[in-house]
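Here the chain labels run A, B, C, D, E and F in written order, and each chain numbers its own residues starting at 1.
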Amino acid sequence: MLGPINMDHLRSSIRAWLLEDMPHGDITSQNITESRHSVEVQLIAKESGVICGLDVMTMVFQEVDDLIELNYSVKDGDLIHTSQVIGHITGPLASILMGERLALNLLQRMSGIATMSKLYSDEVEDYDTRIVDTRKTTPGLRSLEKYAVRIGGSHNHRFSLSDAVMIKDNHIKAAGGIPTAVKQIRSQIPHTTKIEVEVEDLDGLRTAIEAGADIIMLDNMTNELMTEAVAITDGKAILEASGNMVLERLKGVAQTGVDVISVGALTHSVKALDISLKFK
Amino acid sequence: MLGPINMDHLRSSIRAWLLEDMPHGDITSQNITESRHSVEVQLIAKESGVICGLDVMTMVFQEVDDLIELNYSVKDGDLIHTSQVIGHITGPLASILMGERLALNLLQRMSGIATMSKLYSDEVEDYDTRIVDTRKTTPGLRSLEKYAVRIGGSHNHRFSLSDAVMIKDNHIKAAGGIPTAVKQIRSQIPHTTKIEVEVEDLDGLRTAIEAGADIIMLDNMTNELMTEAVAITDGKAILEASGNMVLERLKGVAQTGVDVISVGALTHSVKALDISLKFK
Amino acid sequence: MLGPINMDHLRSSIRAWLLEDMPHGDITSQNITESRHSVEVQLIAKESGVICGLDVMTMVFQEVDDLIELNYSVKDGDLIHTSQVIGHITGPLASILMGERLALNLLQRMSGIATMSKLYSDEVEDYDTRIVDTRKTTPGLRSLEKYAVRIGGSHNHRFSLSDAVMIKDNHIKAAGGIPTAVKQIRSQIPHTTKIEVEVEDLDGLRTAIEAGADIIMLDNMTNELMTEAVAITDGKAILEASGNMVLERLKGVAQTGVDVISVGALTHSVKALDISLKFK
Amino acid sequence: MLGPINMDHLRSSIRAWLLEDMPHGDITSQNITESRHSVEVQLIAKESGVICGLDVMTMVFQEVDDLIELNYSVKDGDLIHTSQVIGHITGPLASILMGERLALNLLQRMSGIATMSKLYSDEVEDYDTRIVDTRKTTPGLRSLEKYAVRIGGSHNHRFSLSDAVMIKDNHIKAAGGIPTAVKQIRSQIPHTTKIEVEVEDLDGLRTAIEAGADIIMLDNMTNELMTEAVAITDGKAILEASGNMVLERLKGVAQTGVDVISVGALTHSVKALDISLKFK
Amino acid sequence: MLGPINMDHLRSSIRAWLLEDMPHGDITSQNITESRHSVEVQLIAKESGVICGLDVMTMVFQEVDDLIELNYSVKDGDLIHTSQVIGHITGPLASILMGERLALNLLQRMSGIATMSKLYSDEVEDYDTRIVDTRKTTPGLRSLEKYAVRIGGSHNHRFSLSDAVMIKDNHIKAAGGIPTAVKQIRSQIPHTTKIEVEVEDLDGLRTAIEAGADIIMLDNMTNELMTEAVAITDGKAILEASGNMVLERLKGVAQTGVDVISVGALTHSVKALDISLKFK
Amino acid sequence: MLGPINMDHLRSSIRAWLLEDMPHGDITSQNITESRHSVEVQLIAKESGVICGLDVMTMVFQEVDDLIELNYSVKDGDLIHTSQVIGHITGPLASILMGERLALNLLQRMSGIATMSKLYSDEVEDYDTRIVDTRKTTPGLRSLEKYAVRIGGSHNHRFSLSDAVMIKDNHIKAAGGIPTAVKQIRSQIPHTTKIEVEVEDLDGLRTAIEAGADIIMLDNMTNELMTEAVAITDGKAILEASGNMVLERLKGVAQTGVDVISVGALTHSVKALDISLKFK
């Protein structure tokens, strides 16, 4: 359900996060005999947004105790609204309390990202332009955060330094120019790997096209310059607009005809979506 | 320098976070021969605040390449201001670029927490009241986030479900009352472990004191009620105010005489402090 | 059943211990075809004591082969007597032989500790005094050994250097006195953490009370001195008697009115309880 | 120095054992600023015996802090006597306190085993008979305990179920006799692996010799029977005496001419050798 | 079924190998919705040989998805022939595609080794001589490769440097002769461990016999010399022929009467057996 | 030196491979006292080829013992010839013997691949065509084997199922055609990821071009068909020839103008290059 991510790694991360919150169990709940009894709990939205992370919440609780059962009335990507009961959880009280903090923490954060992702992608829905994330994710949570971006309707940029080439100003300076940098790198990488080059003006753009860049990042350009860039490129490379891409600018940027707009804010400044457990 | 935290775990987390960002190295930098040359980089504050995480930044870069050298002109806890050069980094260009993203991500987040922690603790500096954090931390980052809280002048609450007892309403309901809950738990835990009980009114407070609670959490009480609670308790337990403790309320709450005010916002809504690398 | 301990860690320890005893399987049993047949085995007490570790034994055997079934006629904490059949195990012969050594080793050791723990706690059952263990446990087995102490009726001291403060003579010397040491530490630790101070005479006791110590360890004091200490303290701190607390002294020490007596011998000099498997 | 053991595993065990004793550091020592100062400590024998585990003690302390320096005036296997200063340790006070408990625990246990091992092996020094240990070792400590046995002058039996064949009564019953059992197993194992067969009488012995057993265990036989067994065997197999081999019987058993006597007590009932640190 | 091997290690190796081939899942199959549908696949031999690794193939696929079911019409060790359908696999298309590459890679390699092993062992089936493998195995695959050797009818030599002694020319030179080397080593190792000595001529052989070697390796000797060696040894040690033991020589070497012939080629130069999946 | 690969993973693999070969050390070498003395050893080529894996060999030996020093007179990628001394190793005899087997195993295999890689790439050196490897690598060794391919002058295909899309016949059938498959996948993957489509005829080719495939694999086509395919494609996609690409066909295939030829044999059928250690 979570798509092509590393499930092994996710499972062991969840185990590690649970241990962070209870290295020797829950000395409150587990020392009250009656906490072994089963209870029923509601999962309730405290504000409106895009829900994301339900499968992860299930994994958290079932890692704590496979007696816990979860039933959701929504699925990842659905819109939820304030006060909506979006699921029911039943199981031993102690077990639910042991998983509650981590489960909510992840669900709230992922839903917050998906909600923001939808806000940004909706803004450009009339254009053939993708909103994409960046590498400014929380250490250890990148897979989940990038999944939440997709659930919200935006897209992902490269996952890491290993899966696509991004030639920046420092690289160009070191190599002695865009052509040399591209040539050196292309000779070492598979033909299945794309090369992106960052440029700051139209001269750079022309050199990058010539050098055969697959993607060209237009760094901090005005809409006027980007419109010109789109004309010059004429489909020979994917164009990505980057730098201070706040919500208000998106439509204007999309109108220039660029293919991709990258937005660090999607994962960098997460406002959690308020969701809580209500014990009956 | 980082105090009594699990250094083994931190080191292996850093290794894991680096791998998240480059499972097979940096296919851009490492495929440009000249990137092996040494460069010098400045660490610059882009806004004012409390710096925190310098030792962690050092660990990140030296994990990438022990040829990287870092020199800071400030130390954790110092105030920094916009445009201040707070350190110099020298080493191979490729190595610095490989560690840059993770190092900044951690430094910015930790400094953001320390800055907020100072803001909150300064607010009550004239009172004998501690501001403390909660368990609403980022999965996998709790040690570092709690360290940043301390660096900023606030204090920590319990680290996890395992190191102090916190009896909440669900526990009380399950056990059939505060006295039974306290008694059951005390018989199982070491004499070195404290018991905190959450109460919602003064009756609960009196019962908790009677039961021998070491700490009593006053949940969502008015300042008037809390003033009364302080009088009733008369030093027989530590009193902790909790629930919607926004910055504006802190002074008033401190004036009631409670010992501790817990603030989820210290780690829950982190605004990163803007700090960046400048390559010469 | 095992209470609030780290089950993840226990499971992986069991796996590691099994591998220690058969890194490449059992080259005897697994090379005899007929060893795959099911057999029935009795678990028999060869001497009297308190049984402890049955759940751990189950985990060991089921880690080897989930076809193994175990049924016990007693539960952890029960008294067992010589020749009593306390359980039945059925499963493939090879699998049972592969788990036998480790399972018995743990069961015998844990039962030995529980038996001794009961002996010590029974001695002071007429007093309001706890017998507690120390950190002199077997490397890697602390959780299980401390669990066995609880099962036998005694209690646990702090689990580790991380969960409660214990200020000893070297700390006091380094810090320049009890008051400074307590103050330095209290400013760094959560309000949920207790501070214990070790004192050697009544002057030290008075200083420690003044400094606000939660627990005070009376190191190697005579019963007379301890009686005096109880009077001086008057409930303002928990008093712990320590140093050469042999069985014969316990009643006398309890009569002084101290709250806690710590006994290294509970885990330090374990005499295994003889229990064995009998193949029909 | 520790001979052919798994150093990787030992190092990671030491790390795990240290974490067991301080999952989040030492909240006492590390919160006293002056504990960073260097101190000098003596390692003193409190009773006489065979010292063993010095290299392991060094590994423990240097894992805590590589600023710690250890100098010993004895080496593993040497006799030490009450009050003898056997080493000096210098380093930061906090670091030494953090390693002290684990280091002493291991050193005392290993020295206890080595001392007992010497006692047993000395008893048969006039005979061509080896004293050997069994698999009744502490889970997780087998390598160190078997090393201590060797240091004391006794020898090791097989390390685990994987490195030598031991055909016991249950195996023989399952296979339908010694010859079938030996034949089945020999066809599967390398020619470099020995087969030991347990027998209870002289008929069994003769069958085992015939079947080509490399080693034959004489289970619970009288000295008279064993003398006869030696004569019958006439060097065609190694003979091992087993079952209730208490110290007092050893000489008599050695006189029968058996090659090996196995003694569970070498590791099963460890009496730690009293050794302590003395801070100046 | 796989015999006495380390199943824990195998399972975690399989998990690691799967991650090598899909660190973030299969971005093709998992992004096609219809790939979740179940399909049926045939396992087909493309050439004749000895099948080996079916249980491992099952483990691979069930690690990917426990909805995958496998049914084989043959078992490890059976002869298979070109075009024979040897099994059926059903399960979600995406899951089967995700395990296919690793599963076939292991099955083909193991079957290749088993096929070669049978070829070599058949050659000497009329003699009382074992064909054995060496330590020239693929790093990380030794257990599986040695299992495949056994399945094909040949046998294993020692598993590693830890489980049997092999004294080579460099050891002899260092120790100052065979007798000293054997004596030094025998005093340290268990009586359950065999000693093999490598000799290059009949003088060496006689010295090794005298020193009590359990096994003697005749290194690069002619058949004539080996015949003489067999006569001299007269059953007092196991004789192993080694050095350039190509298939054509085996019968002649076996005729000399040596007990064991070691053949690096069994695992060193693996020709995979062609087996493939056919999707209906 | 090894380029952008996962060094953390390589180091821990080397440690695991060493443990496979000596779980409890080397009971021969480590039990001969004189084996601690230093010796000097030559690394000698026994046949001609391309050397590859020298840095890995260094890592192996230094993992065993950092007293071992290695000096090479060649570097990865250099041609070596029979009898050439290509390096010197000095260090304790026991340490060198403990690393010898693994080091040579890796060096011989990697050099074998590099040698074959050069043979294949030399064949097409007059054409603008790349020879690339496949996913038919040894489980656990993919990084090293793909590095060896690059050292020999050929190139890499995608590293795994996660870093580039490859739509095969089963995917096309499941999705209901190439256009749907491409569209579904493109909507989920980053704009930085390439899509390759496998086609069997020119109709498929035209559909794939239309659908916007970045790379098109021509599966088992004749040279004539491929020549036509090149003309049709006209630079709109990268063309990859695949299926039975034996050495003899390469020139002819390159002449058709395809961009890439993929060759499973590069890693699938490795013939080790004979290199050995010579102790003086």
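We take it that contacts are C-beta pairs under 8 Å (C-beta built on N, C-alpha and C of every residue); 3 or more make two chains touch, one makes a residue touch a chain.
These numbers come from a predicted model, not from an experiment.
Novice: Any chains in contact with both subunit C and subunit E?
Specialist: The shared contacts of subunit C and subunit E, listed by label, come to A, D.
Novice: Does D-F or A-B have the larger number of C-beta pairs in contact?
Specialist: Looking at D-F and A-B side by side, A-B shows more C-beta contacts.
Novice: So the centre of each chain is just the mean of its C-alpha atoms; given that, what is the distance between subunit B and subunit C in Å?
Specialist: A distance of 33 Å separates the two centres.
Novice: Compute the distance, rounded to whole Å, between the mean C-alpha positions of subunit A and subunit E.
Specialist: Spacing between the chain centres: roughly 46 Å.
Novice: For subunit B versus subunit E, what separation do you get between their C-alpha means, in angstrom?
Specialist: 54
Novice: Could you check subunit B for residues that touch two or more other chains and list them?
Specialist: In subunit B, residues 3-4, 22-27, 31, 159, 162-164, 188-189, 193 touch at least two other chains, as defined above.
Novice: Which residues of subunit B touch subunit F in their complex?
Specialist: Contacts found on subunit B: 15, 19, 22-27, 30-31.
Novice: Within the complex, which stretch of subunit F touches subunit B?
Specialist: 3-8, 143, 159
Novice: Inside the complex, what are the residues of subunit C that reach subunit B?
Specialist: Residue positions touching the partner: 3-4, 130, 132, 150, 155-159, 162-164, 188-194, 196, 215, 238, 240, 259-260.
Novice: Could you pull out which subunit D residues touch subunit C in their complex?
Specialist: Checking each residue of subunit D against subunit C gives 13, 16-17, 20-29, 31-35, 37, 39, 93, 97-98, 101-102, 105-106, 135-142, 160-168, 170-171, 174-176, 181, 184-185, 188-189, 193, 268-269, 271-272, 279.
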